[in-house]
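Multiple structures are listed underneath, in structure tokens.
First subunit A sits with subunit B, and in the next complex the same chain sits with subunit C.
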Partner chain A sequence: MGLRIVKRDDCPLWKKCCFYLAAVVIALGLGAALLASLGVDPAAYYSRMFTMGTIGNKIAYKVYINYLKEWVPLALTSVALSLAFKMRFWNIGGEGQFIMGAIAAAWVAFQAGPVLPVAVSLILMCLAAMVVAGLYGLIAGVLKVKFGTNETLMTLMLNYAALYVLTFLGETKADWNFFLDEKSVRPVFASFSKIVSFPSIPMGEKFTLNICVILTLVIGAAVYVYLKYTKQGYEIAVVGDSAGTARYAGMKVPKIVLRTVFLSASLVGLAAAFKVGTAGILSTSITDDVGWTGIIVAWLSQLNTAAIFLVSALICVLQYGSTVAAATFSQVDSSFANMLQGAILFLVLAADFYTRFRVVLVKKGGKDNGNG
Partner chain B sequence: MEMDKLGVITSFIHNIVVYNIPLLYGTTGEILVEKSGSLNLGVEGIMAVGAIFGYICGCYANSLGVGIAVAFLAGALCGLLFAALTVSLQANQNITGLTLTTFGLGVYFFVGNGLKAQGWPAMNDYANIKNGFADLPIPVLSQIPLVGRGLFSHNILVYLGVAIALGMWWYLNRTTPGLKLRAIGENPGSADSVGINVTRMKYLHICLGCGIMGIGGYYMGLNMSGSFNSSCWINGYGWIAVALVIFANWNPALAIGGTFIFGFFNTLRVSGSSLAAAFPGILGWLAMIPTQLYQALPFLITAIVLVVSSIRQKEGSGLPAALGLNYFREER
Partner chain C sequence: MPQQYAIALKGICKSFGSVAANKNVDLNVRPGEILALLGENGSGKTTLMNMLSGIYKPDSGQIFVEGKEVSIDSPEDAKRLGIGMVHQHFKLVDVFSAADNIWMGKEKTGLTLKKDRYDQIEEMAKKFGFDLDPRKKVYNMSVSEKQTLEIVKVLYYGAKIIILDEPTAVLTVQEIRKLFGVLRRMKEEGHSIIIITHKLNEVMEISDRVAILRKGEYITTVNTSETNEQALTEWMVGHKVDLNIDRPPMAKTRPLLEVRDVTIRSDEGAVAIDSVNFYIRGGEILGVAGIAGCGQKELCEAIAGLRPIEKGQMIHKGDNIVGLSPKAILEKGISMSFIPEDRLGMGLAPSLSITDNMLLKNYADGKGPFVDRKRGRADAEQVIRELEVVTPSTQTPVRRLSGGNVQKVLLGREIKAGPNVIITAYPVRGLDINSSYAIYNILNKQKQAGVGILFVGEDLDVMIALCDKIMVLCHGKVMGVVHAHKTTKEELGLMMTGALDLTYKYEDKPAGFAKDTRFETRDEAEED
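Then we have the complex of A and B:
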């Protein structure tokens, strides 16, 4: 008797959900064991984390507003990256594209903000961020199409090039550097939140909904439709499945690749514009690692736009909730969220195996038992 | 005065070696992993895990050897996790590697901050660690003027790193298991068909490679004199190592040279100003260059190397053909 792995074509959705749910529960269980070993009541910690400390909190609306501020860039970046991933183009350059978009948006904010109406400035910020980030992403795209350069490694390198451009801007005191605060002796980024900022819509008594949240939802829906119901979306799927098939069907593969990479990167740039336009200031940690986390979110969601919204919302709860909980439970560092996130992903990746394959017992010496 | 200037050069060379050998560990480890056909983007996280556990256990045991062993084991365990997910469970390598980075950094800060609250072991309190990490000059060679102390008077981990790199070159290019490993990286299906146990080879070398990265992390911790603060000891070295693999064309012996080249820029960033002060005439301009350029250079150079090698196509490239692709026997 031995074990053999066989591909399975159909795994019903409910079964998949059970697998994933089991993975998350096991990860939380492991986390609970760790918490208990530190002398922390896991139930108390988790309830604090998952509610983000909103229960019995008079300023809970602030928690929601801050939470959404973190969710918008992550969700939009994940959606953007899923476009490229669907085509099996490994755009892991989200960080770099985000940074370039953020710089472009801040540039426009400083230059156009004081002279143009706010609405015009905001639109220009978005457009500039999209174009710059899109072109930055296109570098790896062009090289891939022209020379077959490995896009995973290329986008990885470009992430760091962008990061050091940003730190250069943040640490260099000079006359030309309008990104910095003139009044400060030490180099610090200047704030433009009083000049331009994305507006919020008041809802209920105190809660205000930032317009970026609505825009993110609209863009997500548009990407969903684009991928599922348009010719271009279909082309992306075909190229992703097999570039050879696409070529045989008469599709212009390079054109599709370049178009999609530009679109993917420019949406990452838009996420950066939302982030910068809400924060009102640049920072060397402006990305909050969304370029990395976004990759994980997109993959966890199996590149499904609706699932991306759900998964990114959960990951944000994890991250935001753990900083809140760290304030109450001083023994537990907020990096617990990263460990938990890692553990969940490892287990989901393992569970994923059972949705794609099944293990069958085979008699020694040959034929399987008919399940293959 | 003249002697002093020479001293600046000597300590510059010395620093290139001392502060950048962790890169060599990360790079050789990743070369071994990539030669088996797996792209592991978790170097940063694995080095962090090796660093924190190696440092703490080494201090408590008051033994450099224990530190090295624990760092290796911690790294190898991360490798085992990576291998289990990507080799056995067919998970995507990019995602698994990136998750390993997130997870590893999480573990690093969780353990580090947790222990710091209770009392952080200071490396200088442990005589065996302090003395074990001291420089061991190589007789005769270290007496060479100017470069002698810079190149041939280092701590034991420097020599170990170079020995691992040279040993790995020999292993990959001159032994049968090395040949088999390279065959798997090029085409696992063919390797399987001639009777090589692909799964076992991949597990073994992924664990071994990740263990080596772990030692590099430990070295990094010792270099930072083990003081724990808000930024990670590894601080991006893991990513530079991923770049260096490409720069060294997947050759561990070339990785030694590559480490010195990347290390040269890295060290210029730190001590460029002292060089400029010692030689204002010739090197005065060094003080003008923004430090961020030095930080970005390893990545920019690697990007150029990537493009050039892809233009020249496969000719002489050490890039394993099956890099990043999972091997599923039924689809052979």
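Then we have the complex of A and C:
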């Protein structure tokens, strides 16, 4: 008897979902084994993690508000990256574009915030972040179009360049550096949350829904329609599938590449503006790794916008929940979420294999294989 | 035991997913014979041979080599059993020398490369009567040299049974003759040869027996001397087929597209097309013959505006088209469809649906930011209906279709746009008889509608039957333009290799200049 891999013709959606679900369950099982070995009751830990500590919590609404604050940048960054990925432009520079967008938004907040009405300042922050991040993303796009450089390398290296710019701003005490707190002797970023901040809409008794959540949902829907039904979306699909064919059809491939890269990066910038505009302060860890996690989300969702919302929501539960749980279970570090996330990613990829192939048992044919 | 076969297959079954590629196939090969394996695309020839060479494993059935039942689990096993396969797409390392390509598969060679490997391999090649330079790098080799190297490679490893998968598809007439000489010599030395080919005349010429597969099933094996092309086709297709290609006569019209003194460079910067002249009239099929890679691709791309023209002129209905964008050229009614070796590289977006592929050239028409998929679907339905494309739906990604259907989708879209000049390169590449004839019919219908067609082809028999005139290219130069009904395969073959130049056959003008040209400077000079 032996094992053989056979290609599947078609895998119905319910079956796919079962495979993915099984992958998540196995990953949680692995996590449970690890937790048990640390002397923690997995059931207690998981229930705390998945409810994010909202059960029996008098201020549960705050948990939801904070949870959404984490979700917005991740979901929007994933949507933005999926635009470039659809064109098979491997923009792994989400981190750098996010940082540049955040710096631009903070700049506007410090400069325009005190003199202009809040609404105008907020719009300017968004626009500045989008333009700066978009141009930053465009660097890799232009180099690729003009010289055929590898966008993966370029965007990756630009991540570090952006991070050093931010670190420089955070550590350089000088008269020109309005990003820092003037009152502090040591260099620390100044807060502008009192000057400008994205408004929230009160819902129910205490819960308030931040406007960024609504905007993110609207943009997600718009990107979905853009990719699926518009001429530009069609061009992105053709260029991604075969640049030769696009050229042959009379499309201006460089223009399409640059336009899409700019759009992708500027939406990452917008995510940064949302983040900065709700946090009210810069920090060297402003990105929360959304530039990286967003890649994972986009791929797990297979570039489907609706799936991106779902997957990013789940990953945020993992991340946020594990910080909450870490407060209760002191022996488990909050980076347990990263481990769990990694395990889920690997197993979902394995599940993906099973949606395309089957493994079957076969009887060996023939008696000997001619080797005597 | 009645007769000892070199190789015998009994009841071989193999399926991929729910598709049965081989159903209960029996096949046997005698020692020292050439067996032709015949069948349409998708009839399971290559799958069957891949099971012999250890790439696939049968789901059920038995394989006997010299009367002994064996199980071939890997290419290593096949090698040990003396089975060697020359694949359609060569499996060679470009930057290695011929000798190293052979050498690298050898076991127990030690850690160092020994100098004497060149001599050993040269000696062996000579023994079999091959002309092979063991020091030559593969990237410097012609297609036929690469093929020779592949054959020497399987012989070097002591293959007694040699499988050749469509070996003649890329060769010229002269090279095919040379290959057949080699095959006959190997046969005399007791080797058994299985040759897969689509070309019936080659089957009749080279094989001793013919085995026929149809839709994965074994049909029959017949002695070549007791059969004919018509009977073989009927076995292969399952019903009667008319093997004649029509050449409907058409009245002459003025040239639609004229190309004068055009030079084009390849991607590497070498001159791919060298001062070429030709013209196409409406209602005429001009064939372009030449060994693969003689500038056909560059010529097609340049006409479609995808490649810059170094010098020269191209006029379409009297208007200059040099330097126009691909889009502007499309709008003039010049359509180009090039079927590359991978069949999908140009003209289609493989992961997109048939509907989306129909929209490729006209998606930008119409107002508003949205794509009009309704029209695309209507076009897709029409092409599917009229050209009998086999597909589950209009939403099926093109890469899931079989080769013939992919090519029908491509040609169907081009024709739907109502062009007046069609440039088509290798439209029947890799297609079986039925699909090929469907494509020839499509082209003939267009010709009768007054469209001028440039047909870049491979099969000289087909070109002689289908085209009105044939232009022969050799290393980017035109070797002459001949009337298809007056020429022979031998003449074309000589021109393709550059041994015969008919450019100045007619003394009054070189080939490729129209008497009634639309180039104004020529107009007065040549008018009688």
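Some observations on this one:
Everything below uses one rule, namely that the second predicted complex is superposed on the first by the 346 of 372 C-alpha atoms of A that agree within 3 Å, B and C clash if a C-alpha of one lies under 4 Å from a C-alpha of the other, contacts with A are read in each partner's own complex, and residues count from 1 in each chain.
In this text, a residue touches a chain if its C-beta (ideal position, glycine included) is under 8 Å from a C-beta of that chain, and two chains touch if they have at least 3 such contacts.
Just so it is clear, the structure is predicted and the values come from calculations on it, not from any experiment.
Touch criterion met: A:Val6 reaches subunit B and subunit C at once. When the two structures are aligned on the shared chain, A:Tyr229 is found in touch with subunit C, with no touch to subunit B. Touch criterion met: A:Thr172 reaches subunit B, while subunit C stays clear of it.
The partner of subunit A that touches more of its residues, comparing subunit B with subunit C, is B.
Shared-chain residue A:Thr149: touches subunit B; no touch with subunit C. Look at A:Phe110: by the touch rule set out above, it reaches neither subunit B nor subunit C. Contact with neither subunit B nor subunit C is seen for A:Tyr61 once the two complexes are overlaid on the shared chain.
Look at A:Ser242: by the touch rule set out above, it reaches subunit C but stays clear of subunit B. In the overlay built on the shared chain, the residue A:Ala343 is in contact with subunit B alone; subunit C does not reach it. Overlaid on A, the two complexes show subunit B and subunit C touching the same residues of subunit A, namely 6-7.
Across the complex, subunit B meets subunit A through its residues 39, 41, 81, 85, 89-92, 94-96, 98-110, 113-114, 117, 236, 239, 242-243, 246, 290-293, 295-296, 299-300, 302-303, 306-307, 310-311, 313, 319, 324, 328-330. Of all the residues in subunit A, the ones that touch subunit B in their complex are 5-7, 38, 90, 92, 143, 147-150, 152-154, 156-161, 163-165, 167-168, 171-172, 292-293, 295-296, 299, 330-331, 333, 335-343, 345-346, 349-350, 352-353, 356-357. Interface residues of subunit A, counted against subunit C in their complex, comprise 4, 6-9, 229-235, 237-238, 241-242, 244-250, 362, 364-371. Across the complex, subunit C meets subunit A through its residues 16-19, 57-63, 65, 68-73, 77, 80-81, 304, 306, 325-327, 330, 336, 344-352, 356, 359-361, 363-364, 369-371, 373.
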